[in-house]
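First comes the structure, then the notes that go with it.
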Amino acid sequence: MKKGIGYAGVGTSFDDFLLIKEARKGITSTGNPFLTLILRDQTGEIEAKLWDATKEDELAYVEEKIVKVTGEINQFRGKNQLRISSIRLADPSDGVSISQFIENAPVDKDTLWKKITEALFEIQNPSIQRMTRAILKKYHEPLLDYPAAAKNHHEYASGLAHHIVSMLQIAGKLCELYPELNKDLLYAGIMLHDLGKLRELSGVVSTTYTLDGKLLGHIPMMVEEIGMTAKELQIEGEEVLILQHLVLSHHGKAEWGSPTPPLVREAEILHLIDLLDAKLNMLNRALDKVNPGEFTDRLFAMDNRAFYKPTFME
Amino acid sequence: MKKGIGYAGVGTSFDDFLLIKEARKGITSTGNPFLTLILRDQTGEIEAKLWDATKEDELAYVEEKIVKVTGEINQFRGKNQLRISSIRLADPSDGVSISQFIENAPVDKDTLWKKITEALFEIQNPSIQRMTRAILKKYHEPLLDYPAAAKNHHEYASGLAHHIVSMLQIAGKLCELYPELNKDLLYAGIMLHDLGKLRELSGVVSTTYTLDGKLLGHIPMMVEEIGMTAKELQIEGEEVLILQHLVLSHHGKAEWGSPTPPLVREAEILHLIDLLDAKLNMLNRALDKVNPGEFTDRLFAMDNRAFYKPTFME
Amino acid sequence: MKKGIGYAGVGTSFDDFLLIKEARKGITSTGNPFLTLILRDQTGEIEAKLWDATKEDELAYVEEKIVKVTGEINQFRGKNQLRISSIRLADPSDGVSISQFIENAPVDKDTLWKKITEALFEIQNPSIQRMTRAILKKYHEPLLDYPAAAKNHHEYASGLAHHIVSMLQIAGKLCELYPELNKDLLYAGIMLHDLGKLRELSGVVSTTYTLDGKLLGHIPMMVEEIGMTAKELQIEGEEVLILQHLVLSHHGKAEWGSPTPPLVREAEILHLIDLLDAKLNMLNRALDKVNPGEFTDRLFAMDNRAFYKPTFME
Amino acid sequence: MKKGIGYAGVGTSFDDFLLIKEARKGITSTGNPFLTLILRDQTGEIEAKLWDATKEDELAYVEEKIVKVTGEINQFRGKNQLRISSIRLADPSDGVSISQFIENAPVDKDTLWKKITEALFEIQNPSIQRMTRAILKKYHEPLLDYPAAAKNHHEYASGLAHHIVSMLQIAGKLCELYPELNKDLLYAGIMLHDLGKLRELSGVVSTTYTLDGKLLGHIPMMVEEIGMTAKELQIEGEEVLILQHLVLSHHGKAEWGSPTPPLVREAEILHLIDLLDAKLNMLNRALDKVNPGEFTDRLFAMDNRAFYKPTFME
Amino acid sequence: MKKGIGYAGVGTSFDDFLLIKEARKGITSTGNPFLTLILRDQTGEIEAKLWDATKEDELAYVEEKIVKVTGEINQFRGKNQLRISSIRLADPSDGVSISQFIENAPVDKDTLWKKITEALFEIQNPSIQRMTRAILKKYHEPLLDYPAAAKNHHEYASGLAHHIVSMLQIAGKLCELYPELNKDLLYAGIMLHDLGKLRELSGVVSTTYTLDGKLLGHIPMMVEEIGMTAKELQIEGEEVLILQHLVLSHHGKAEWGSPTPPLVREAEILHLIDLLDAKLNMLNRALDKVNPGEFTDRLFAMDNRAFYKPTFME
Amino acid sequence: MKKGIGYAGVGTSFDDFLLIKEARKGITSTGNPFLTLILRDQTGEIEAKLWDATKEDELAYVEEKIVKVTGEINQFRGKNQLRISSIRLADPSDGVSISQFIENAPVDKDTLWKKITEALFEIQNPSIQRMTRAILKKYHEPLLDYPAAAKNHHEYASGLAHHIVSMLQIAGKLCELYPELNKDLLYAGIMLHDLGKLRELSGVVSTTYTLDGKLLGHIPMMVEEIGMTAKELQIEGEEVLILQHLVLSHHGKAEWGSPTPPLVREAEILHLIDLLDAKLNMLNRALDKVNPGEFTDRLFAMDNRAFYKPTFME
C-alpha cells in the first residue's frame, strides 16, 4: 500500500507530520469552539476536526505550519475525515520543512528547464524566438515553482513547467505526423500560453487568485506582456499579432474565456493539446487512487464524471 | 417628405448624386454580365442593379466613386431596390465631394471635442486623468472621424465621439442622482472603452474589420494600450488595473466578448450606459423612418425585433 | 463604526432589541430541541441559535415578536451567527415597536408620494393619465408600505415607492437628453410596472409569495388590472394596449417572465431603467458594508458576483 | 390519385379554379414586371409565377380573388411551382365561392358545437361551468370559423373548434383511465385555453397576427378575459385563479410563452394533451401526402424533422 | 388518516416494523458514532438516526433487514426524520417478510401479465408480433418484479409492468380516436421500450444502476437485443429497423438520451405517451400525500416544481 | 499553379473532363429549361449551368457520367460557378474512368491496410484482439473504399481507413508519452469507432445517408455489431462491455450523439484523438487552397470559422 494521507483508508489510524493548508474556526451546535484544518502531504489532503479547541490552539494551528498528528480516518458525508486524537507543532528537531509536504511534479526542475530550453532552440523564426526567449528569461524562476492551476490539473510545484513540457512533447510528435504544422508558432504558443498565471495566482503553497487575476485574468495580461515585449525588443511584423492571438484564443471559446476563438491552425491545435494534456493529467492521477473494478471520485473539471477502471487493467 | 435615398418610397423615381459604397459583378441566368451597386447618401443606402454592364462600366463604377443616377424605386424580396435607367460618373463641374454622402453625427466635431475635453477636466484623480488625457491626445484625430461600429449603432462619421459624448451626459446625470458613483472612473471608462475600435475598424467610408480587429478585437487591444500608457507615464497604483478592468468587462459577459464580467460598480454601470445609448440610437433612427401605426424593419442588433410606433405618437 | 446588527463584527458582543423575522424548531444531533431565529433590525439580519429551548420558548419566540437579546457574534460556514446567551420578550415598558426594526426607504413616505404625484401631473395624454391616476389612487396606501421585492433590491418598507421614484428621476433626465422619448408612456409605465407586487407579495414584515403570486405572478395580474380599469373608465384607444404591453414586456425576455419582449421604444427603455435602478440599489448597499480593498458578499441577483471596492475610493 | 393542388405531381398539367391567398409584384433580372401568386384550394397551396404581368393584371389578381388557371407543375429549389399558361378571374356564372377553397375541419360546425356543448354540461362545479359557458357563448360564432393557428397545425376553417373537440375526447378517455383527474377543470381549461386566438389572429382567409396579438399575445388576453368574466358574473373563489393559471401555463415553459409553468396537475395534463393533439394533426396531414417508403417535407413546428412512412404501412 | 410511515405527521409517535433500505455510519461533531438508517414500508420512507450506536448495532442494522422501531417524527431541514427511542431486529415469530415492506403496483402481477398478453395478441403484423413475443417471453419473470425506475416514477415492485399496461391503455384509446395510428407498432414499442431496464437496474429492493447500466444505458442495450432476436428468429424486413428506431428514439431528444429523435409517427407518440403516464404517476402519488390548499414537495423529475392542490378538490 | 477544378480561379477558362456528381433540372424566370450540374474531379467540385437544355441533354447528363466541358469560371453569390460553353459525354476512346475523378486518400489502400494490420497485431488482450479482427475481416473491402464522412473531413475514397491510420499514429505516440494508457483498448476503439458508417453511408461516389443511417445512426449499429460478434465468438467478460462503451461514447456528449459520455480514460482519449485528426484534416485541406495573408472559406464543421494563413508561412 502506498504511504501518505492521499492513500489512507477509512478506519485506519494515522500518525505522521502534515502541513496545515487552511484553518477555520467553528462553533459546535452545543456552543463549543473547534478548528477545521485542511492538512496535506505530497500525496493529497484531508479535512480534520480538532474539537474543544482552546484560544492557544487557534493561535498555534494556522496556515503553513507543520504539525505532528495522530488520529483515525473516518468517513463523513462520503468524504474522508481525520479525527485528531493528538496534535502538536513540529519543532526544529523534527527536521521537517514545508517543501516536503508540497506535491512536486514527477520531473525535476532542471530537467524541465532543459527541455524547455531545447524546444526554444528549435524555433527558427527570429521574431518568435526572441520574444519567447525574452519572456521565458524574465519568468524563469517562478515558472519552475508555480503550479499550472489552483486546482484540477497540474496543481503541484513545477506544475506549470511540467504542463508545458508535456504539451511540447505532444506537439513535437504531431509535427512529425502532420508536417504542415508550423512548429515555431506551436512551440512558442505552448511556452507562453499560461505564463499569465504567474501573475494570476498567488504561488504554490496555498494557491489563491490575486486581485489582478480576478479583475483581468491570465489571458489578457499575457497578451499585454507580449505586446510590451515586442515593443521593447523593437520587433514588428505579423508574428507579434499571431502570437498574441494564440494566447488570446487558447481557451477555445468566448464562454471559456477567449473573446476570440482560434482563427489560425496552430491556435486551434494549441487549444486541443492543452485540453488533451490537462485531461490526461487529471485522469491518470484520479485512476491511480482506485483499484480495477472501481469508479474514481467525481472529477469537477471533467463535467463531474466519475471514471471507471476496468477489471482487466492492472 | 424628407429628401434622400433613405426616405424614397416604392414606385417613386429618383434622380440625384449617390456614392458607390460597394460594387459587385454578376452574371444573369441568361449569361449576361451586370453590376450590383450599393449606393448611399447621408440618409441611407440602397441596392441598385445595372443590367447589361459593359467592361467599361465595370471599370468605372467602383467603390468610393460618386455617380449621377436616374431610376425607379422597386421592391425586391421585401427590400427597396433602385432600378437604374441612366448612370454617369460625377465630374468636377458637379461640385460634389465624398463627405457630402457620408452620414455625419448630428453634432459637429468641435462641439464633440469640447464636451469630451470638459469632461476630462472634471476628472480629479491625477493617475486616471493623466492616462486618459494621454490616450485621447494620441487618438484625437481619428476619434473625431470614426464611426462607433461598422453597422447597427452610431455607424456614421464622428459616431464614436458622438456615442462617447451621449454616454458622458447620461453618466453626468446618474452621478447627480446616485452620488456614490465615482465620476472619475465612470468618465474615464466611457472615454476609453471603445477606442480600440480605431485599430479594429478600417475607417469611416467602407467600414470593415482589420486583421488586428479580427484576430484580437478592440477590447484586448485597449487593455494593452492602457498598460503601455501607464508604463510610459510611470503611473503605478490600482487605478491602472481598475481602468483596464473597466475596458475589459464593458461587454458584460464572456459570451459577449468580456472574458471577465464587471466586478467593480462603475464597470457594471459603464456596461449599462453603453447598452442604453446604443439602443436609443438604433431605436430613434429606425422609428424616424416609419409613420405612427407602423412597425420598423427588424433590427438585427435588437434580437431581430421590429418595433411599433403607436398611433398616438407624432 | 455604524451601529446595528448589519454592522456587528465577528467576535463582538451584542446587547439590544431585535425583531424575530422567522422562527424554526430543530433537534440537535444529540436529540435536544433548539430554536433557529432570524433576527433583524433596520440595518440587517442575523441567524441566531437558542440552545436547549423549552416548550415555553417555542411558544414565546415566534415571528413578529420583539426580543431583548445578549450574545456574541460568531462565524458559521462563512456567515455571521449570533450565539444567544440571554433572551426575553420585549414588554410595553421597553417602548419599542415593530416599525423601528423594519428597514425603511431612505426617503419618507410623504416625499415619495409627492414626487409620484408630481410626475403624474406631467402626463399630458388624458387616457394614460386617467388610467394611471385611478390605479395609483386605488393602491395608494399599500404602495407606500410595500417593498419592491422579497429580497435582492429595495427589500425594505416603502421600497416599491422608492424604486418608482428613483426610476422616474432617471426617466426625467433621459427625456431631457433624448427628446424623442414619450414621457407620458415612460412615466406611466414606471408607476404601474410593479404594482402587481402588491398582490404578489404578502406584505412588508415577513415577505413571502401569495398563492396568486405563485400561480399568476405580478405581470399578468397587472395587465388584467389595466384592462379592467380602462373598461371601468370607458377608455378606449391604443393607449390601453400600449400600457398593457409596457407592463407585460418589462422583464425584457420570455425566460425572465415577459411572454412578449419590448416592441415599443418606451417599453425597452422602461426595462433598462428598471435594471439600472435595481442594480445600483443592490450595489450601493452591498458596497456600503465593506471597506476599500475588499470584496462584497456574492450578490445572488447579480449572477452571484462579488464586487470589489477599489482602495482609492473612500 | 386524390384531386386538388395539394396532390398535383411535378410534370402534370393543371386546369382548375384556385383562390389567390397572396399576391406580390416583382421585377425580373431583365427588368420585366411579373406577379408571384400564392394560390390555394382545400387541399393545399402552391406558388405560381405570372410572367410579363401588365398593369391590368396587377390590379385584377389580388388577394381573396378566385381565378381559373391552366399551367404546368414544375419544381423550383425543391418546391413545387405552378407555371401559368393562362389565367382569368372567375365570374358569377362559374358558380364558385371562397368557402370552397378554404380547407375545412373534417367535422362540420354543428357537430363540433354539439360536442363542445355536451362537454360543457358535464362540468359540475358551478363556478367553473358558469365562467366557461359565458365565454363560449360570447365567442360562439368566431370560434366555429377560426383556425387554431396561422400555420403548422389545425390551420383551417373551424380548426380551433376541431382542436378543442379532439382534446376533449382525449381528456375524456384519460379521465376514465386516471379517475384522480378533475374533469371539470380539464374540460374548462381545454375549451378556454386558446380562445385568445380569436383576438390574436385576423381570421380564417389570409390569417395574420393582429396588433393586439403581436403586443400582448393570446395568453395574457385570455387571462384578463377570465378575470373580467368572473367579475361580471360576481364569481369569487379559487376557481377563478386556477382557471386563469391553466390558461397562463398551458405553453408549459417561460421560453414557450407561459411566464408561470404548470403548478396544478390538470394544468400539466392540459399542456400535454395540447401537444399530443397538435402533433398528431401535423403528422397525420403530412404523412397523408407521401407514399410508404418516403419521407415527408421537414415540419418546422416539429423541430424541422422529416418523418418516414414505413413500407409496411398502407 | 392513512396508516404507514409515508403518512406519519410531525410530532406523532411511531411504533411498527420497517425495512432498512440503506444504512450509513457517522460520527457526531462530538466524536460519537451513530447510524443513519433509511427505513421504509409500502407507503414511503424516512431517515432515522440511531445515536450512540455500538459496534453490535453497526453489524445488526444493515440493508434489507427488518426492524421493530419506536420513536417520534421530527422535522429536520424541512424533511421528516424519525428519532429512534428503541429498535430491535425482527425475529421469525414476528411473522413479517420483506415483500410486505416493498411498495407494490396497485394492480397484481397476474392481471398485469394478462393485459400485456392480450395486447400482444392484438398485434397483427407477424414479424412485429414474433419479435415482441420472443423478448417478452425471455424476460417474463423479472418484468413482473422490476420497478420502472430507480426513483421518480413507478419506482415500486411490478412498476415496469404497471407502466407498460397504463401506456397500452392510453395507446388503445388514442388508436380509437386517431385510426391512422399503427397499433401494431405502438403496442410493440410500448412493451419493449424500457425492457433494457431489466439489465440497467439491480432489482427491486435497493435499486441501483449496474455497471452495464452506467456504461451503456438501457436504450442501446435494447436496440441490440431486438437486433439479436431478429437474427435468431431469422426475421428480416423494415419491421426490425423501425422497432429498433422506436426504442432508440423514445426519450425524444439527444440531450435526453436518444441519439436519434423520433422520425416515425408512432415513435413520436410513444415518446408522448411515456411522458404522460410517467408524469401522471408522479403527480397522483405526490398529491395523494397533501391536503387541499397545500403544495406538494418539490418534484425533482418535474423541473423541481411543487404542485398545488386546489381547495375545491377533495 | 496547381491543376484541377478546385484550384481554377475566377475569370479563367476551363477545358477538361469532369464527373457529374449531381444533376438537377430547373426552369429560368423566363420559362426555359436548364440543367444545374455539380461537376467534380480529384481536386474539388463546382456548380455549372447548362442553359437551354434539351430533353436529350436531360437524359444524357446524369449522375456518375463523365463529361468533357469547356467554359469559363464566373463568380455567383460569392461562390465559383462554371459557365458551360460546350459539353459532351466522354466516350471509350477518351480513356477516362470514374476513379480518376474521385478524390483519394493521400496514402494507397495497401499501405493503409498494412498499417491497420500491424496495429491489430500489437493488441495483446486476446478478447479485444479477436473481436476487432473478426469485425475488420468482415468489413475489409468496404473499409478500404469508404470515405469517413459525407462531407467535412476525410470525405474521399479510403477516407475512413486514412482517418483510422492517422488516429492510430497519434495514439501510438501518446502511448509512448503516457504509458498509463491501455494501448489495446485505444487501438481497438480507433479501428472500430466509425465502422458503422459503412452501413450509415451509401458509398463513395455520391455519398448520402441510408435509411438505416437516418433512423439508427452509425453508433448504435456498431454497438450492436460488437455485441453480436462477441456472441458468435463466445467471448464474455468486461472487454465486450468496455469496447461497446468506447464506440457508444466516442462523440463525447449526448448532444453530439453519444447517449453516454466517456467514463473510461481510453474512451475520453479516443474522443479527443478523433477530434484532433478530423480538425487537422479539415484545416490542412482548407489552408492548402489559400495563399499566405488570406482567410479560408468558412468551415461549417469548425463553428463556421474562416481561418487565417499568416504571411510568414509559406
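Each chain carries a letter (A, B, C, D, E and F) given by its place in the written order, and its residues are counted from 1.
Quick note on the criterion: a residue touches a chain if its C-beta (ideal position, glycine included) is under 8 Å from a C-beta of that chain, and two chains touch if they have at least 3 such contacts.
A quick note: this is a predicted structure, and the numbers were derived from the prediction, not measured.
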item: Lowest number of touching-chain links that must be crossed from subunit A to subunit D; value: 2
item: Chain hops separating subunit E from subunit C, counting only touching neighbours; value: 1
item: Chain pair repeating C-E, as identified from C-D, A-F or A-C when over half of the contact pairs by residue number coincide; value: A-C
item: Longest centre-to-centre distance from subunit F, chain (CA-based); value: C
item: Whole-Å separation of chain centres (CA-atom averages), subunit A against subunit B; value: 44
item: Cα-centroid distance, subunit B relative to subunit E, in whole angstrom; value: 60
item: Inter-chain centre distance, subunit B versus subunit C - centres from mean C-alpha coordinates, in Å; value: 39
item: Contacts with two or more other chains, residues of subunit E listed in rising order; value: 29-30, 211, 214-215, 242, 263-264, 308
item: Each pair of chains that touches, named by its two labels; value: A-B, A-C, A-E, A-F, B-C, B-D, B-F, C-D, C-E, D-E, D-F, E-F
item: In the complex, subunit F residues that touch subunit D; value: 25-27, 29-31, 211, 214-215
item: Touching residues on subunit C, where the partner in the complex is subunit D; value: 211-212, 214-217, 219-220, 223-224, 227-228, 231, 238, 241-242, 244-245, 248, 254-260, 263-264
item: Subunit A - residues contacting subunit F, complex; value: 125, 166, 169-170, 173-174, 176-178, 180, 182, 185, 237-239, 242, 261-265, 268-269, 272, 275-276, 279-280, 283-284, 287-288, 302-303, 305-313
item: Subunit F partner contacts - residues on subunit D that touch it in the complex; value: 28-30, 34, 49, 51, 74-76, 81, 83, 308
